[in-house]
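The chains carry the letters A, B, C and D, assigned in the order they are written, with residues numbered from 1 in each.
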Amino acid sequence: MSLDFTSSEMMSVTAARALNNDMTCFVGIGLPSEAANLARLTHAPDITLIYESGTLQTRPDVLPLSIGDGDLCESALTTVSVPEMFRYWLQGGHISVGFLGTAQIDRYANLNTTLIGDYRAPKVRLPGGGGAPEIATNAKEVFITLKHSKRTFVKDVDFLTTVGFGRDGKARDNLPNIGRGPTVVITDLCILKPDPESKELVVHQLHPGVTREDVINATGWEIRFADELGTTPAPTAEELEVLRNLKARTAAHHAGQH
Amino acid sequence: MSLDFTSSEMMSVTAARALNNDMTCFVGIGLPSEAANLARLTHAPDITLIYESGTLQTRPDVLPLSIGDGDLCESALTTVSVPEMFRYWLQGGHISVGFLGTAQIDRYANLNTTLIGDYRAPKVRLPGGGGAPEIATNAKEVFITLKHSKRTFVKDVDFLTTVGFGRDGKARDNLPNIGRGPTVVITDLCILKPDPESKELVVHQLHPGVTREDVINATGWEIRFADELGTTPAPTAEELEVLRNLKARTAAHHAGQH
Amino acid sequence: MAEFLSLREAVSRYINDGDTVAMEGFTHLIPFAAGHEVIRQKKRDLTLIRMTPDLVYDQMIGAGCAKKLIFSWGGNPGVGSLHRLRDALENEWPNSIEILEHSHAAMACAYDAGAAGLPFAVLRGYIGSDLPKVNDQIKFIECPFTGEQLAAVRSVRPDVAVIHAQRADRNGNVLIEGIIGIQKEVVLAAKRSIVTVEEVVDDLSAGVNACVLPSWAITAIAEAPKGASPSYALGYYERDNAFYKEWDGIARDRETFQAWMKANVFEKGAE
Amino acid sequence: MAEFLSLREAVSRYINDGDTVAMEGFTHLIPFAAGHEVIRQKKRDLTLIRMTPDLVYDQMIGAGCAKKLIFSWGGNPGVGSLHRLRDALENEWPNSIEILEHSHAAMACAYDAGAAGLPFAVLRGYIGSDLPKVNDQIKFIECPFTGEQLAAVRSVRPDVAVIHAQRADRNGNVLIEGIIGIQKEVVLAAKRSIVTVEEVVDDLSAGVNACVLPSWAITAIAEAPKGASPSYALGYYERDNAFYKEWDGIARDRETFQAWMKANVFEKGAE
């Protein structure tokens, strides 16, 4: 049986599958939060989710709109202060996976969430670093999820907000006390991983129905493909149902206020 | 009417009188704790008492034996962690008076609670610094209370655990962000204050019935007396009653355990 | 001891033109009522500090209160841009504003150091980032024991801290519950503080280790029911996520923004 | 995830001869049961870390477990000396021990830095004190922004942390209430941790901002009712101040000490 699903759903389901029960995941808002909660509601019921607002081990019923919705706090094991969250829990080494979104990513998985154009005269001002710069270096590894386009996948980021492997791919070399960095990037087209040597992002799996040309046309540098290029398994009926219910529940909850 | 009282009672009552309702007092265990609670139970009912165990604004019913008896916590406004206590509340500048006891004090009001003799081969090993080294510099001013004897009042402390005005009286000069240091020392014989210029301790008041010779004989250096030497008012009937009740209540409470 | 004042009086007395003002609350307990009073009183040339500027600073910036913003994430959470902030940065409307930006970790540490009375904080941060190139309040130092290079950031010490909390008792002790964010730190780091509360009660009903600010650590308290809305106050009302989404449309355009401000801020007084 | 073990098994498996062991609890929740088990298992050459060594380290030092003590106040609170500690320092009985001593503020900061994964802590401390002359883990550094001289201390990162707490739930999450001291910090700063608890319950009944250590931050949990006595556990039993006074007489003399240890530690097993 073949199911209908959108490329966004494909992305969320694939991102969710990257997580497992044993992980302690520092969750970014938006796509990472959707994926992390989908994981929790499907194959990883005991995954530990942590949001930078201080909520430790939280189990929200609907997706939070902000990083600090009340549901995150009420369903958490406990809620700590923001300095404690960043100092003891993140920098202290207790996070296995940092899960980030971004506005721009480059071939060495560096992230830009600061601005497009020149710093003192920006064309487009973006929100800024938030938790990402230290999540990316203090978590043991980093997962990244974003939509794939020439605007988002650029050869060099305009501003390096959050380090992947640096402008030369070597930013983590010989540093003590730094995580492995981005180990996977999940888009609506494919799954990319850094080359073990050069750290340049390489396509490892195409989502069902996506071609190499689709990825080439949506990437701002000459993207490489792994020798053994796989195909991502399509979402299962259960994954889609849980995801759609979660999103419907979320939309109803956020609309029904005032 | 003249009342009977001991020199210890005289010391506690005098020390209590140094405190007032507007103070936020970081309280050392033992004599300072007795004086601070006597003040709270007499003329300073709204004084804020803080113990290094993390208990903010506490009102114990009996004197705590340790710095962290349960009564301190149960009667406190709230209880914070020990790092928070020292970092935010003491170092952050919220303590108006640090109230300390000591084993030895010298002419520049430096305190020794570390040891008698040589550091690597001590004659008498004392408990050590505890909270005192930073209470003495981060509180806006410091009150000290101890029994007066040649053993406790020495010309130079064997070990400078906690700074008064340093070995030359100038340790606080030109330092940013340091409190005024010891402003009064209360013993069972008299009240001493540092000379405004040299910082050497000078006797300002003798307790009733105490002579200059008593003080000279109990002090390990050539002690100076203020030009206008006063006499400390004797304890009032109310002060003595409250103090004795407090001590009786405390003794009964601490004995009645197991 | 904290003084109980009307919000109008508290803002008038303790926030001056040119001050460095930190209004905190990490998504939760954002002091909107106080922000609106600052706007109504037409305070000018403020240096605004806040980890997540949120709608409250979008409104204050759009109303012309700010000359500088110190922050670590300036978006409408889960929605998109803060359009008034962008208009100021991209088009200098209604005035140009200077920015100084940090990461969350660094700014949290800078508040923590401020509360601890220290001139700077140390963190393992900013590795490989361009942020230190555009922020002169970030330096790198060496651990005197291991030689490891670590980031140092200047501590945050505002003139005035403004926070919202659930409740105060009649002595002026304040309870903060739920996502406590950086609320305690900003009050302790600041020279003066204004705390708005949902209500004043006889007994805080606080747990033994609750986040309570003693009266003597606060300058002024003003009762402001629903003072955090459209943000929220745990135990009182929920976050108005629908309004956060609507704000995107209101703030995108200068005229709809000004009309909204007129109807919802200028023509409404402080409670 | 924390593993539930007997106290005997937890101590046997996770505390090795030669380890650096920090047993914390600031007057409250002192892990006496665990300390006694360490004594019974005759662990040797331990570097013992504790802000306030208290009776538990007096007993461990007198029993010959320690080769080094790192501390900031080594007395019997409100009573006087720790006679076994003094006998070791003054007379090398039962063995000589090395000491490294701090102030409370510095040691609290050193634990805090350890929990924060940093190699050192900064504080405004040790001004004018002789302690930096006898402790090479204290240095002075300059603020890179203001030039102010501040103290730096190496962070505390023990091999094993041991604490006592009120209760754990069946997933191994632990609630600590009352005087929380440095308990959270020591567990987070250590490579491994053993937590003894008064009881294991279905629901922690913890407030929203309670001091809770998640199961995944703990190595092992052992049920040990009255495991903090003669210290205390808020909500369970009071501090046995009378015993603290009696200890002065017991510990003053080597023979009465050894007789007490035989009757009360060696001839009693772990629960």
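In this text, contacts are C-beta pairs under 8 Å (C-beta built on N, C-alpha and C of every residue); 3 or more make two chains touch, one makes a residue touch a chain.
Just so it is clear, the structure is predicted and the values come from calculations on it, not from any experiment.
On a Cα centroid basis, the chain most remote from chain B in this structure is A. Taking B-C and B-D together, the pair of chains sharing more C-beta contacts is B-D. Our note on geometry: chain A versus chain D, Cα centroid distance of 40 Å, whole angstroms.
Taking the mean of the C-alpha atoms as each chain's centre, chain B and chain D sit 28 Å apart.
Counting partners per residue, chain A has 73-74, 79-80, 87, 91, 138, 177 as the residues that reach two or more other chains. Multi-chain contact residues of chain D (touching two or more other chains) are listed as 117-118, 123-124, 148, 178, 180, 184-185, 208-211, 234.
A list of each chain pair in contact follows: A-C, A-D, B-C, B-D, C-D. The residues of chain C lying in touch with chain B in their complex are 115-118, 173, 184-185, 188, 206, 208-212, 214, 216-217. Residue ranges on chain B touching chain C, taken from their complex, read 24, 48, 56-57, 73-74, 76-80, 87-88, 91-94, 138, 177.
If you check the complex, the residues on chain D that touch chain C are 117-120, 122-124, 137, 139, 141, 143-146, 148, 150, 152, 154, 177-178, 180, 207-211, 234. Those residues of chain B lying in contact with chain D across their complex are 29-30, 52-55, 64-70, 72-74, 79-83, 85-87, 90-91, 110, 114, 119, 122-134, 137-138, 159-163, 166, 171-172, 175-178, 253-258.
Chain C meets chain A in the complex at residues 26-28, 51-52, 71-75, 77-79, 81-82, 85-86, 89-90, 101-106, 108-109, 111-112, 123-131, 134, 148, 178-182, 184-185, 211, 232, 234, 238-245.
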